[in-house]
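I've put the structures underneath this note.
What follows is a pair of complexes built around chain A, which joins chain B in one and chain C in the other.
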Partner chain A sequence: MKATVAANSTRNVEAQAEGIRPTLVQHIPFAVWLIVPAEIVLLSVVVFPTLMSLWLSLTSWTPTSGVNWWQAEFQWLANYVQLLFGDERFRAALLRTLLIVVVGVAAEISIGLSLALLFFDDFPWKKIAISAIILPMMIVPVDAANAFFMLFRDVGPVNQLVRILVGHPVRFAWLSDSNLAIVPILLVEIWQWTPLMFLMLLTGLMALPQNQLRAAVALGASRWQLFRRIILPLIAPVVVLSLVIRSVEIFKIFDPVYILTRGGPGTSTETLSMWMYDNGFVYFRIAYVAAAGFLVLLVVLAYVLLILRPLSRRTAAER
Partner chain B sequence: MRKESKRSTVVPEHTVSRGDMLDRRTFIKRTTKGAAAVAASTAVGGMPWVTSAMAAVSQDTPDARAIAGAKALLGRRQVRQLTILEPSGSLGDIVPVAKEWTRLTGVEIKYIEVPLLEIAQRVLQEAVARTGAWDLALPASFALPDIAESGVVVDLTDLAQKYRPDDGVAGCQMLYPIANYYKGRLYGFGTDGDTYMMFYRKDLLEDAQEQTRFQQEHGYKLAIPETWEELDAQVKYFHRPDKNLYGGALFRSRGFIAWEWNIRFHGKGRWLFDDNMKPQINSEAGVKAAEEMLAITKYLDPGARSNGLFENFEAYGSGRSYCNIGWGGSQKYFWDPKKSKVYGKLAWGMAPGGKVNGKKFYAPYFNWGWNYVVNRYSRAPELAYLFAQFAYSPKMSTQAVRFRGGYFDPFRTCHYTDPVIREIYGDGFLAVHRQSMTHNFPDLYLKGHGEYWDVLDANLQSADVGKKTPKQALDETAAAWEKITNRVGREKQIAQWRFVKAHYPPELAKILA
Partner chain C sequence: MYQSSTLLRMLKWLAVIAAMCFALFPIFWMVSTSFKPIQEWSTYPPVWIPRQPTLENYLALLNPAALAGSHSIDYKVAETAWRPLLNSLIISTSATFFSVCFGTLAAYGVSRYKSGGESYPMFVLTVRMFPPIAVAVPMLVMYSFLHLTGTYVGLVLAYTAFTLPLSIWMIRSFIDEIPREIEEAAVVYGLSSIRAFWRVTFPLIRGALVATALFIYILNWSEFLFALSLTNGALTTVTVQVSNYFSASSGQLYGPQAALGTLSTIPVIFFGYLIQRHLVRGLTFGAIKR
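So, the complex of A and B:
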């Protein structure tokens, strides 16, 4: 019945369109017409803004100029050149963000994998323990950052704890020392998002072929051998995928920076997102930020391809 | 303090009648000067409605005219609702006014609340989106130049000529009208008297033993400081961390640190720019101001470098610091015995200045404020204007300022005599606040304010934590300011800078070089 209706409507569409452009309609299958609305939506929310950003990145437009964005002064690659060769603050923010990505992801994967291995075996209250571990990632990032702000204030509990541990008053300027301020930012990020890493890796472990593991145990493999020779190679794709997901996310780190330090002291904790926020929404340099956005896209793309490289090699070898 | 002021400051002692005359006439005079400067450079006119403001005071009032105007408009139009884009936390101040407006006109007010620091962005989004989703907005006063240049808000000059917002306000003049203008044209109505003020611990300041000891150590009397030199001496003197007392809770945090430096810099007797918009901030005076400011950081509350506004309230309200800096909103917190341990123990002063040619002077500073602006893409811009005039009127603005939990502070002369406002702020504070509002120098009302200020702020904080020397920080800031000026357009900036300069308090303008 459904097939008949579909066939009829296909003929109707074709018949109606025949009078206008018969060759075009004949060459486009009915199934393609069905996805046209979805494609239009996709074009308007992804492709159009991207093209608009690309155009803006080649202009000097700001919303405060009083000029329509499509009439903005075209200046070729001036924004890109300025960003790459004349904007030290941008370059510093880029390097700082890369550092946060590397340190943050390394910590998250280490802790997440350790926890996942711990939870690989059964033990009482396991489900409750898992629920407790994944709680942080359910908290709104701004709230998590705010909690860390309270903890790391000069007169906050962290310094009180340090005081109790060392036995005399100690006051670390966690949020206002340019060398220390990155620590609370990293900690909040690691605390909140390690659970995601744990969850992904635990899922990967649970999907391992049990026969191989049991066979290895039966043949006398030690725990380390089991991990090194069997588990790690088998979950490598999951690890790489987790790395990619978290790296891309940390590249966009904003909430903890904004809440804890606003990029300060000075610009010592300014990340790319914070830099973009300031330039876009405080300085209103939208065109300049659009250019920065494309540069960052290229950097992230290169980074992701680099991480995916071993996986691609392995896939190619397996083929 | 009053005695001291009479003796040695160049800021005239403020009295009610003097203040009223000064504000109105001086403003008109200065505006004429500023507008002429602007007109010469940009061929933009002055403020024609000012002439009508000088006319004899009639029986009708701005709020009554706004209501009558709205009723007349509503006879012809179908709009029965206005939407206000407002910063979070301001609803308490706006709602009483809006309710009265709805009662009198039948026009409902809807609200779109956005985070406090994001309202300018949201207003500017309208330059692209052109939705007309809101009719009025309440951005910070310092964002007005950017917003006006974007063309997203209505130039209200002609509407003001028609509805005369400043006629019939005898005894209730606006004390700080410059923030309503950009290049001599009216773009907004101020709603908040955000003058920056000093808070001192009166119990320590007036303690006989402290007075004697201080006098012995410094050779002059312990009193409300008139200069930063005196203030710094007091901060050091009262810094007793072993007794859980710090010299001050002044801000050293991002987003705040540049304001104090700006006052200190003015205290050294210099303009931020010369007449060609070349920055003077990295001059000897600027570097000295920065060095002195950073030298007292170690005597401040331990959270000084990370405290935001509310952490500052909490820190000073706990009673662990001798002095603090802040706005009327700070006073509302400190003057609430349920929240604050310094209730009843405070003395207030205008922001200190300096000493030039042997004369001491204060340098009070207006550094925030909020302005009602009207969306160019509103379906009812005239009606929206009328609401803004209604809210700005003496009667309704008093209602707004009365809200204890809000942050609109007194900005009209009659606010200072309103019994509810007096109870909320306390008479001692209000006397100094009024004096400060009357004599404060304006914020940097230039296009690109956000960028100018943020660069300064970031560099000063870098200097504060030892990442840069004060000279290096200010040199880098000056270079960045030059780039911003060139990018925005030097001639354009020069014209507005002249306008801003023309509205400096004359007694301070005479000193600045």
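So, the complex of A and C:
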């Protein structure tokens, strides 16, 4: 009895030990089964509409054209050409979004880094201060946008503070002036996500090898030298990562724009997502928006590669 | 490391306090406005702390009947906020549940068996780069074809799909930290690989799974774009509902908006602080670990 049990379990064990390090041929089914439920959801909800988008971007379909979408008239790259060369508004939205991304990320990283450096050493109520500073991250973005709407109204506290600072009654029409409307939007974005930069950079700073820092201080490095020569190069990977991640997210900015200005007075704060919303859900130019989506994907990819290429070359050279 | 002069230390504390004020001010404003009666909403100079604090705004949201016959200006809120709150709760919870379940399975596959190929993680990251609004448009076409617009199923499906990549990514980073040898040891003891995972690895990552679930819950609860695009008037979530407080006579109803904002943000703040340690890992797709 015991012998057979032992023999069986040895066979079982051998057969199953292979399960951990499978040969591809033997265990493809099992590995595939594991991702099947996730894939079904992703395929139906994400991949299929995206492929549909790809198809549509090569046609000129609108819901009002009378045919089903799969029977739409083929147009090759006409949409893309139109977007790149013929559509002023799209180009403006693209440039505006790029501006928001660059300014936003630059502000977030510089403020985040400065704050992280402040928190490098210990001081009393450090934990409470950190909790307060990361609170903006945990506000529902729509509610944050609404709060900023209330702050930046003509009769809001921002104008009141400006008047106190400047002296005489100056009232900025933050949300109805086409030149200024972008400021509240930028500020919501920066306000809400600088704490994330702060946390990421603080994590990076905490992971720095203390010995190098102490050695440098012992050898007489000034604060500035310590920062520029040792700390900065060591946290460069974290900074680059934060830059990429945050940039990709800001490209998609929608909630603050919709709530604060709905695209601005006229189209002065129209970002890419807002443009796509108007064209897709208000004008129903669905094929056009589909093409725009892929163009934006290309732009974001190009942007990310543009950032990563020189920076990774530099770190490789340093090594 | 450096001995700071007192002046420098004072400046540093000042900077920290300034940062804290900056971070807290808009939130303070929202909470303060939620307690203001209607006559204090649009005064100039603006009222910072309500002189006649009131619960009217909250009552308007939750129990309008209690307002009937009150002395303040009669503003009728179109419907109570119970429905949107309930909808948000149902949708967020279901979507989070599915996302974490499917995500764990897929993460296990990707981590231990490299399911989906070597470049699956890169594929996942690229999915995040595509503007969601561009997907929402054909999704709406697809949904209206399938009669899924404005249904619970439709939104839960959309939310699950869009948080799955993040879920898989995060959970995979947690599973990666558990050495395979533990599972192999379990297999040597006679368990099948699935049971090895369930009895050995799973308990070790339970806390991490909870953190991931809370993180995804926060994302689902705060989601706006799909809730706006894929629903009609019948089914609203909390995020969309906030924009509905607009009356012809009083303009935007700042009080109830602020009140709903405060109410809807409370769970997010609560969960956010619970998973504070894991927030960085979550928002950087597992790249930065504490």
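Note that the second predicted complex is superposed on the first by the 260 of 319 C-alpha atoms of A that agree within 3 Å, B and C clash if a C-alpha of one lies under 4 Å from a C-alpha of the other, contacts with A are read in each partner's own complex, and residues count from 1 in each chain.
Here is the rule we go by: a residue touches a chain if its C-beta (ideal position, glycine included) is under 8 Å from a C-beta of that chain, and two chains touch if they have at least 3 such contacts.
Just so you know, these numbers come straight off a predicted model, no measurement behind them.
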{"item": "Dominant toucher of chain A (residue count), chain B or chain C", "value": "C"}
{"item": "Partner chain(s) touched by A:Val155 [first = chain B, second = chain C, both, neither]", "value": "both"}
{"item": "Touched partner set for A:Leu297, first chain B, second chain C, both or neither", "value": "second"}
{"item": "First (chain B), second (chain C), both or neither touched by A:Gly204", "value": "second"}
{"item": "Partner chain(s) touched by A:Pro265 [first = chain B, second = chain C, both, neither]", "value": "first"}
{"item": "Touching partner for A:Ser176 - first (chain B), second (chain C), both, neither", "value": "first"}
{"item": "First, second, both or neither for A:Trp69, with chain B first and chain C second", "value": "both"}
{"item": "First, second, both or neither for A:Arg91, with chain B first and chain C second", "value": "neither"}
{"item": "Partner chain(s) touched by A:Val142 [first = chain B, second = chain C, both, neither]", "value": "second"}
{"item": "First (chain B), second (chain C), both or neither touched by A:Phe281", "value": "both"}
{"item": "Intersection of the chain A residues that touch chain B with those that touch chain C", "value": "63, 69, 153-155, 281"}
{"item": "Chain A - residues contacting chain B, complex", "value": "60, 63-66, 69, 153-155, 171, 173, 175-178, 261-268, 278, 281-285"}
{"item": "Chain C residues touching chain A - in the complex, by the definition given at the top", "value": "1-2, 12-13, 15-16, 19-20, 22-24, 26-27, 29-30, 33, 42-46, 48, 98, 101-103, 105-106, 108-110, 112-116, 126-142, 157-158, 160-162, 164-165, 168, 180, 183-184, 187-188, 190-193, 196, 218, 221-222, 224-225, 228-229, 238-239, 242-243, 254, 257-258, 261-262, 264-265, 268-269, 272-273, 276, 279-280, 283-285, 287-288, 290"}
{"item": "For the chain A and chain C complex, residues of the former touching the latter", "value": "9, 12-13, 16-17, 19-20, 22, 27, 30-32, 34-35, 37-39, 41-42, 44-46, 48-50, 52-53, 56, 63, 69, 115, 118-119, 121, 123, 129, 131-144, 146-148, 150-151, 153-157, 160, 191, 195-196, 199-200, 203-204, 206, 213-214, 217, 223, 238, 241-242, 245, 248, 251-252, 254-255, 258-259, 272-273, 276-277, 280-281, 286, 289-290, 292-294, 296-297, 300-301, 304"}
{"item": "Sites on chain B touched by chain A in the complex", "value": "118, 121, 124-125, 127-128, 146-147, 149-152, 252-255, 302-306, 311, 447-448, 450-451, 454, 458-459, 461-468, 487"}
